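In the two complexes that follow, chain A is the common piece, with chain B as its partner first and chain C second.
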Partner chain A sequence: MKVLKFGKIEQVLDRLAQQAEVYVPMLRGQQTGFYSWNTYDEGYDDLMFDILNVYQSPKHVILPQTEMMYRFRQEGQDVIIDAEAQEITPKIIMGIRSCDVRGIEHLDAVFLTKGYVDEFYKARRDKITIIANACYNPGTNCFCASMGVNPTDPEAADIIMREVEVGYVWDVKTEKGQAVTKQIEDLLEEEEVELFPLKRFLRKVDYEGVAEKLKDMFDDPMWEKYSEPCQTCGICTYLCPTCYCFDIQVKTWGEEGYRFRCWDSCMYREYTQMAGGHNPREAAKERFRNRFLHKLQFFTERYGQPLCTGCGRCVVVCPGGVNIIKIIDTVKEAKTGA
Partner chain B sequence: MNYTEKIREIAARLLENGQVDMVMAWEKGDLEYQTIPFIARTVDEVSRIVCDEYSIHNLSNYLLRYRDGKEKIAIVVKGCDSRGIVRLLEDNQIARDRLYIIGITCDGVKDPLRAMRQHSGFEKVEKPEDGLAAKCLDCRQPNPVIYDELLGEEQTPRGGEDRFARIAEIEQMSADERYKFFESLFSTCIRCYACRQACVACNCRTCIFDETRPQWVGRETSISDNFMYHLVRASHMAGRCVECGECERVCPVNIPLMLVNRKLIKDVNEFFGPYEAGMEYVEGRKPPLSVYRENDPDDFL
Partner chain C sequence: MHSSNTQNPLVPGIVEVVKIIDETPDVKNFYVRCVDGGVPFNVMPGQLAMVSLVPVGEAMFSVSWQEENDHLEFAIKRVGLMTDELHRIEVGQKLGVRGPYGNGFPVEACKGKDMLFIGGGIGLAPLRSFIKYCFKHREDYGKITILYGSRTSADLCFKDELFDKWPKEKDTQVYVTIDNPEEGWDGHVGFVPAYLEELKPNPEGTIAVICGPPIMIKFCLQSLEKMGFNDEQVITTLEMRMKCGIGKCGRCNIGHEYICLDGPVFNLAQLKQLPPEW
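What follows is the complex of A and B.
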């Protein structure tokens, strides 16, 4: 087995960072998220391959929160459009957990399949290599296995790192992974090591049949009840590794400007505000219901899997204590639609 | 702090005799350290009510959902939360006679969000902190300022040293240093608007940040749009913030919002004071910056 010893991690990162922007889990100030190794500041940042997961998923590496689309300016009677694509640098996401890899698989399905390819997304995606960090020790609010994720063998990973006593087993899965491995081969060591066993999940949920049942539960009283503590902020949608809704907006100064896209959240009033002034999702209940129906019913109907990877972030961070596990349980137990 | 039994008794009485249509309190979530807002509407639901050491949420914010209704509402408020009720009354957001206020004196609560984080694995901690929530360490108002029924013994405020000490330090910075300081704070904002949503003083029907015609504040997570968001939010808090600390507590990226709010509290106090928002409800009395007079000074225009 090829093993990356703990002591050589920074060397590997330095080497990889010569060819690509390498995003790694870090504690930066009081925040945890995926940040570029090039911006690592020894006095301020902490590298965190050994944490269960970081607050901000690496979703932003593939789908930036704000992304320039094109610039324009007016010259006399003409409008000049500068749609030249920005140069996309190769990127490596290293240390990503299985739940967040599944998040990327979902984004791929949305932006690359069903007859439409999003060029902005594809340009970034093509140049991204995923080095996952297999998860053998699920956390208090983790339920990825219940959502069909394999915590130790993420499908879309190009390389899987498996933590062992002395470092990480370097498990190459794809050609992209091989190409990256070539750059650092001399830093890996050949060693026979024993893998840790996968520990038991504390949280389990049974999603089987839930999408089907939800079809008849649009008017169920549970939406009213469970949305009561929801403050309709966007924390859950912005920290979720799968929420992908975006808006396209414009900024202009005099005769020039640019168009950009930015994350949007179905929890915001503006999201469904219509030109005539009507808003079909005026109250918390409607927005809340839409969010969970999208995750647990609509997405499954279109793509065959729920838009939830069981990472547990929304459960941990919700100020009102909204819990997707409880919603799935309630649907499961409901008599209606059965 | 544990008022569970007493509040259940009161809730059952109020719902049974039809004095109120709902009781805003808390119930337990899935985990021992998780207490979440809960509204009981029937006597049967009363047994779910809890009021324990994790009952941290300022429930007065939830009254806004019912501002256009006619329901009579009983609500449990701690000292800090009760100032939020005064603010809603001053802003004519809800009529006093629709409310039955159950005040509880508070010796400090713990933060379920912090506990969730520290037990979740998303934060590296040696041992999860079990002490009072950060916001309670600087408590100014442990006793409710408005209530129909009061539970508990009077408590003394814990906020010791000068709460404006840090503000004074920042005021001493040069303009460039100050810009850098705030740039570092606001550049991390993900614009989830949790601070606005958790705030009882944010009670505008249409928020400036949701306006699209015109769009006053851009939606980019750029430093300029983030600054615009935070400075406008803070300015709108002037004379309105009741220091319940919910904005800072719910922020998923730990922006010290109370620091900004306190600067505005200090300014309002200096310009129009002495003034503390929401300390006393006097019918018809208006707080600073909420009335217009023709002879208002405008020499800065």
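What follows is the complex of A and C.
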């Protein structure tokens, strides 16, 4: 087995960062998230391969929070659009957990399938290599296995790192993974090591049949009850590794400007507010319900899997204590429906 | 699937506004054409396109008519920031346009049927593409009935077609109503759903196509059901806020359907499968 010893991680990162932007989990001030290794400051940042989930998933690497789409210039009544593709640097996401890898699989389904390929997304995605960090010891808010995620074998990973006593087993899965491995092969060591067993999940939820049941629960009183503490702040959508909704906006100064897209949130009233005043999801309860139905029913109907990977972030960060596990449990126990 | 001069479905092509017609005090019909002639893409009745006044904004509109390979028409009501600016442009202005989007009306499945078009206000814009398509392929469709209403007589769109051209078409009846009595108006007065109940169209072999404010659509659907129209005989076209047009950005969903991609046209049977969020 090829093993990356703990002592050589920084060397590997330095090497990889010569060819690509390498995003790794760090503690930065009060934040935890995936940041570029090039911005690592020894005195301020802590590399955190051992943490289960940083607050911010690496979603932004693949779907930036704001992204320029094209520039334009106005000359009188004429408009010139400059849509020349921007240079995209190869990127490596290293240390990503299975739940967040599943998040990327969902983004792939949305942006690359169903009639249209999103060219902005594809250009970036093609240059991203995923080095996952397998989970053998699920955390207190983890329930990925309940949502159909395999914590030790994320599907879309190019390489899977498996933590062992001395470092990480370096398990190459794809050609992209091989190409990256070539650059650091001399830093890996051949060694027979024993993998840890997967420990049991503390949190479990039974999603089986939930999508089907929800079809008859649109008017269920639980939406009123569970949305009550929701402040529609949107933090769940920003930290969710699968929430992908975006807005398209324009920035103009004088005769020129650019059109860009940025993350949006279905929790906001403006999201569906139409010119002329009509809003099909005016009330917070309606937006709340739509979010959870999207996660647990609509996405499953459209793409075959729920839009929740069991990462547990929203459960932890919601200021109102909204809990998706509780919602799934309630649906499961409900007597109405199929 | 994409506009003429780009491979990226989110980047618009450029067209020129070649004619602007004032339809009502707050509706203008914009004719657009590629700078070097022709239409930017072919559109089926009921399909949508994303139009941008590039430095200001981008919004989805139904294409209210494609005139051969000459131009596209967009009848646009002034209701917000973007449309307010659009109403200030002059002939010669370049616009961005991308599309076509959405499923459009089932023009093939309606062949051989009597057609009943029910429109309210700017809701006539998408219907018009189907109405004119029927006239263009007149032999393919049976009797055509058009019921259209607006708040006041000044708010009626496409007046020359409503009062002059369409009534002269073979086997065609046009009924127009306004909400309240008005001096000089000797036509029908009352809301569209009420007029519909008065007219009592025969459901036999008829397809009803409705577009208007959501409240008008909802009442008309009820009336048609009462008259014996079944769920497959009633078609409507919906509107939601849209940004991408290609089923990615999320906001135009009703249930698991995206209005930009799977819609905007649904029959009542399909509509009943969806949450009532429109």
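What we mean here is this: the second predicted complex is superposed on the first by the 336 of 338 C-alpha atoms of A that agree within 3 Å, B and C clash if a C-alpha of one lies under 4 Å from a C-alpha of the other, contacts with A are read in each partner's own complex, and residues count from 1 in each chain.
Going forward, a residue touches a chain if its C-beta (ideal position, glycine included) is under 8 Å from a C-beta of that chain, and two chains touch if they have at least 3 such contacts.
Predicted model, so just to flag it, every value in this text is computed and none were measured.
*Asks:* For A:49, using the defined touch cut-off, is the partner it touches chain B, chain C, both, or neither? Pick first, second, both or neither.
*Replies:* Neither partner.
*Asks:* After superposition on the shared chain, which partner residues are touched by A:6: those of chain B (first), chain C (second), both, or neither?
*Replies:* After superposition on chain A, A:6 lies in contact with neither partner.
*Asks:* Looking at the overlay, does A:141 come into contact with chain B only (first), chain C only (second), both, or neither?
*Replies:* The first partner, chain B, only.
*Asks:* Determine, under the contact definition given at the top, whether A:247 touches first (chain B), second (chain C), both, or neither.
*Replies:* Touch partners of A:247: chain B and chain C.
*Asks:* Thinking of the overlay built on chain A, is A:284 touched by chain B (first), by chain C (second), by both, or by neither?
*Replies:* In the superposition, A:284 contacts chain B only.
*Asks:* Answer with first, second, both or neither: which of chain B and chain C does A:201 touch in the superposed model?
*Replies:* Neither partner.
*Asks:* Just chain B (first), just chain C (second), both, or neither: which does A:273 touch?
*Replies:* Touch partners of A:273: chain B and chain C.
*Asks:* Just checking: does A:259 make contact with chain B only, chain C only, both, or neither of them? Give me first, second, both or neither.
*Replies:* Only chain C is touched by A:259; chain B is not.
*Asks:* Name the contact category of A:77: first (chain B only), second (chain C only), both, or neither.
*Replies:* second
*Asks:* Following superposition on chain A, which residues of chain A contact chain B and also contact chain C?
*Replies:* Shared contact residues on chain A (touching chain B in one complex, chain C in the other): 247, 273.
*Asks:* Considering only the defined contacts, which chain C positions touch chain A in the complex?
*Replies:* It is residues 1, 6-12, 14, 54-59, 77, 79-83, 89-90, 92-96, 213-214, 239-241, 243-244, 246-256, 261, 275, 277-278 of chain C that touch chain A.
*Asks:* Touching residues of chain B toward chain A in the complex: what are they?
*Replies:* 29-31, 34-39, 57, 61-62, 65, 112-113, 116-117, 119-124, 188, 190-194, 196-198, 210, 212, 215, 218-222, 246, 249-250, 252-254
*Asks:* Quick check on the complex: what are the chain A residues that touch chain B?
*Replies:* Counting only chain A, the residues touching chain B are 27, 29-32, 48, 50-56, 65-66, 139-142, 228-229, 231-235, 237-239, 247, 249, 251, 260, 262, 265, 268-270, 273, 283-284, 312-313, 315-317, 319-321, 323, 325-326.
*Asks:* Give every residue of chain A touching chain C within the complex, in rising order.
*Replies:* 69-70, 72, 74, 77-79, 81, 83, 110-111, 114-120, 218, 244-248, 250, 252, 255, 257, 259, 261, 264, 266, 271-276, 278, 280-281, 286, 290, 293-294, 297-299, 301-302
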